[in-house]
Amino acid sequence: MQRDPKLVELDEAMALAVPALRERPDLCLGGLFKQSRPVALVRAALAAGAKGLNLYSSPGAGYDVDLMIAADAVAAVFIPGVTLENRLCPNFRAAVESQRITAHALDALSVVGGLMASANGVPFQPIAALKASDVLKHNPLISEFECPITGDTLHAARALRPRVTFLHAQEADRWGNIRHLSTMVYADQLMARASDMVIVSVDRIVEDDVVLDDPRRVTIPSHYVDAVVHIPYGAHPTASFPLYAMDEEHIDAYADLGDAARKGDPAGLSEYLSKHVTGAPDQQTYIDEIGGAKRMQVLEQEAAEL
Amino acid sequence: MSDFSPLEQMTVVLARDLKDRELGAAGAAALVPMAAIALARELHAPNLSIGGEMFFNPYPSRLYPSMLDDRALGRCEGSETFIELFGHSHHGLDFFFHSGLQHDRFGNINLHFVGGTLDAPKMRGPGAANLSYCHTSTRYYICPTVHNVRNFVGKVDFVTIPGHLDGPQSKRAAGLTKEGPRFVITPRAVMDFDPDTLEMRLKSVHCGNSVQDVLDHTGFALNVPEGVGTTPPPSKAELDALRNKIDPTGELRH
Amino acid sequence: MSDFSPLEQMTVVLARDLKDRELGAAGAAALVPMAAIALARELHAPNLSIGGEMFFNPYPSRLYPSMLDDRALGRCEGSETFIELFGHSHHGLDFFFHSGLQHDRFGNINLHFVGGTLDAPKMRGPGAANLSYCHTSTRYYICPTVHNVRNFVGKVDFVTIPGHLDGPQSKRAAGLTKEGPRFVITPRAVMDFDPDTLEMRLKSVHCGNSVQDVLDHTGFALNVPEGVGTTPPPSKAELDALRNKIDPTGELRH
Amino acid sequence: MQRDPKLVELDEAMALAVPALRERPDLCLGGLFKQSRPVALVRAALAAGAKGLNLYSSPGAGYDVDLMIAADAVAAVFIPGVTLENRLCPNFRAAVESQRITAHALDALSVVGGLMASANGVPFQPIAALKASDVLKHNPLISEFECPITGDTLHAARALRPRVTFLHAQEADRWGNIRHLSTMVYADQLMARASDMVIVSVDRIVEDDVVLDDPRRVTIPSHYVDAVVHIPYGAHPTASFPLYAMDEEHIDAYADLGDAARKGDPAGLSEYLSKHVTGAPDQQTYIDEIGGAKRMQVLEQEAAEL
């Protein structure tokens, strides 16, 4: 008998993820801000009609979350910080201000603690470091309780179990063993341990021996992974260090379109969405449209020079 | 025009207050804080450790507007994940940095919304990831890169990051036992907090600004103690280290 | 004399019961369990995953008496730490393996002491690291490499690893909702548990042993259902795979 | 100004550790069973007169714990499994049976959970996977409480904060950044995060650039480390993979001496202790006495062939 690979095509991965999200729309996204976000998977899920999503992430997100809001796929955002860092997220902002989505006021420990509880298999994670912020008054992920050891008032972060998690990493083998080559691995490993279903895009596939010769480089063993998809530049316009840097120009241009839409001129944003998202181009078409191999080389060069 | 930028002035003020053997991290708006930490390490605090935000002791070759990614910090002495960050957030650091959409007279910071309510805000901000370092760490610094009547207000619309709340009593009642915000450093001036009332007050004004300039750009009646002077400008040694070793691309001067 | 060893017989009995796509780990006394898992992967369960004890899908080049170190398992598809093991212990595996100083008629296992009390034991055993897989995992196997009146007793002196406790009622009362011990495989025989009483009973006797041999070496009155036969011996394919690919140094035959 | 290295001599490290253990005698030992145990540090602490210790470890320990008991330095053992794997620990067994030490009946999750709580900075770690074992009746590290989320009865593992932790790893730089090269890292990282003081022995010191060129290989950043000591073969007779294998023959010979002592003939064990422990030889003398470079080459060869 032969072992079955977990390496699948993008549409096969979406055939797993999208029905699962219809069943329970809790989607968690890997990476952090402009790094290693699973953008190609996000575009594919939007093209496949994902709707009404509750979005989770490591505590900081930006472009991809804003894009999903622009595509009208989001019901609620459970992410402490949503920002493009150098500017606000235009569609996030517009959707919250017009009350089209709910943006919960949260903090990092509540989200991370909830994922820790889920990964650890316990009902909650105690938190002792939350005080005096108005965020505590509105945070739906935590509740107060009395510490059975000290008697102090602590917060319990309920186990947070995403139905589906999308991650992006640099490498995997065909069995689904994942290798992050970046220095930062964010909360990706924790999310993989905390989630019902895990789909990972990777920039390249490596031979079995690459994994076996250095098992400590495996960041997420295949046990946690339901499907791995080979998508070169799958994090664009976010970075996939050390392979390519974030495409700040692309994100800025997108944000300009978003700000225009927010101020009443949605044409540019609509065109962006129909070209890059609902038009569902394959990854090669997408790359060609956002600047092609030439643009990718610039981003690769930038990452290589660090 | 002075021969150094407002951000360079902010950087050296912050760096001077960081001690050798301390542990701290730069926070979200990290350009100036990371420059300050690097300058302190270079000049007087070689055993100061950077940690608590997933990178330990990075050696960035230059500064970036964002300083929480592999581009800036990938060359370092170790990396961690959000699980370890959960622990650091409880154990606290020696120092941290914050800034927001609004800062009020007690040093409270708002990153969530301006006008309206949380559910129906007039303007929705980014929120904030880590709220805990502000009260688990020994102290923190407020260092926004703008200073005007809109971001310095009498009372924030929403307390994202607690400062001194409404003063000593409320701080005590909330169980905030650490120093909280020590200084507010902006492109115009340095503020600190009256130890009795914990209200913000002017400490010194940067070269090229007057006390009146600062008051005109602050959205509440800022206390001005007697004898407020000029912020000591960067020394030649500070500027040399900053420009040659830490900020060769001049991000602090753009 | 048969042309296979008792440990080889144990290995193939265990291997046959492991299913494709399951997740399991070998436990502490891992020589036979690890051989069984490897044999199942080789013959009928290529998608069976080894995990939960810090190594994922190792490819040992040979067997070792201890199978929880880099020597045996360093070539693998990933490694974890005790933090992840904490999680697996809660989520449970599909199968696990246990053995002890004493095993009783309900499949309870004692690794702590024989005679006396915990504080003043006549003979102190090693204790056990992980107690949780026995009730968080779908099932487990008891597979001691000796079978005599001292290690098969009516009632254990101390329940380190709960089996079926005192039977269905006590198991229910204790909240043990999983199958618990499925089979007891020793060098002499295979035992299972009566589904009504959860008492141990003889299932089959290995070639070269009689029912009476087994009874003589069991320290309690083992139930012997009608029609107990001989354990199906290793097939040629099983022995070939075992000796050529999994146990080239013959650890199971020493 | 110059940065201070954390690389110190063995006696300097003991000048930190031994007074700390006098203050609060909770000592935690890294590694697992016969792998990466900080044996040279243990011998040095015994030679320096450490006494009345409460011993913690990852959930499985053997030779080093038995040695400390043989040297009469132990009051209580808080380690779930104490065994030489192929045989029982003779001095552990003898000391418990004669009631000279207390060996608590514990399980892995209580110890790991207590270390997790300490590392996380919270008063306790909830455990939901302990049922029906007699171990629960005697376990001093946990207490029952009602889950504030589900209402179920759970166990709380109190934060477990060793006063001193000894670890052994393969490499460090002079600043105290630790690199485990083994595939397994056990609970070493968790212990470092959970302890008041951390002393690490390493087989070799690497240049700064080795650390900086591959920060993801740093298993314990220097922040957590109080002192690092360069002790070649510092784990002997346990293994330090991939550099050298465990010395099964040495451990077996030691266990024979221990069993003889248990049965009334302590001469061999006494000689072993006075030669290797209270005689406090330096590491080179120790290595020479246990077989010298020739024996080390055998163990290195065994590790290299895997």
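Note that the chains take the letters A, B, C and D in the order they are written out, and that residue 1 is the start of every chain.
What we mean here is this: contacts are C-beta pairs under 8 Å (C-beta built on N, C-alpha and C of every residue); 3 or more make two chains touch, one makes a residue touch a chain.
All values reported here derive from a predicted model rather than from experimental measurement.
K.L.:
Moving step by step between touching chains, how few steps can get you from subunit A to subunit D?
P.N.:
1
K.L.:
Measuring between mean CA coordinates, which chain is farthest from subunit B?
P.N.:
Taking each chain's C-alpha mean as its centre, the farthest from subunit B is C.
K.L.:
Given the two chain pairs B-D and A-B, which is bridged by the higher number of C-beta pairs in contact?
P.N.:
Taking the two pairs in turn, the one with more contacts turns out to be A-B.
K.L.:
Between subunit A and subunit C, what distance separates the C-alpha centroids? Give it in angstrom.
P.N.:
Averaging C-alpha atoms per chain gives centres 42 Å apart.
K.L.:
How far is the middle of subunit B from the middle of subunit C, if each middle is the mean of its Cα atoms, in Å?
P.N.:
59
K.L.:
Could you grab the centroid distance between subunit A and subunit B? Build each centroid from C-alpha atoms only and quote it in angstrom.
P.N.:
So the centroids are 29 Å from each other.
K.L.:
Could you pull out the residues of subunit C that touch at least 2 other chains?
P.N.:
Correct list: 74-76, 79, 83, 86, 89-90.
K.L.:
For subunit D, give me the residues that contact two or more of the other chains.
P.N.:
120-122, 127-129, 183, 185, 215-216
K.L.:
Chain contact topology under the given definition, line, ring, star, complete or other?
P.N.:
Its topology fits none of the listed shapes; call it other.
K.L.:
Would you please name all pairs of chains that touch?
P.N.:
A-B, A-C, A-D, B-D, C-D
K.L.:
In their complex, what parts of subunit B are in touch with subunit D?
P.N.:
20, 23, 43-47, 49, 51, 56-57, 59, 74-80, 84, 86-91
K.L.:
Which of the residues in subunit A end up touching subunit C in this complex?
P.N.:
Touch residues, subunit A against subunit C: 1-4, 119-122, 173, 175, 177, 193, 211-213, 215-216, 218, 220-223.
K.L.:
Subunit A touches which residues of subunit D in the complex?
P.N.:
117, 120-129, 143, 145, 147-150, 152, 154, 156, 158-159, 183, 185, 215-217
K.L.:
Where on subunit A is subunit B touching in the complex?
P.N.:
Touching subunit B: residues 32-35, 58-60, 79-83, 85-86, 88-89, 92-93, 96-97, 99, 102-103, 105-109, 112-113, 116, 127-135, 138, 182-187, 189-190, 239, 241-242, 245-246, 302-303, 306 of subunit A.
K.L.:
State the interface residues of subunit C toward subunit D in the complex, per the touch definition above.
P.N.:
Touch list, subunit C to subunit D: 28, 54-55, 61, 65-66, 68-71, 73-76, 79, 81-83, 85-86, 89-90, 112, 116, 118-132, 135-136, 158-162, 165, 174-176.
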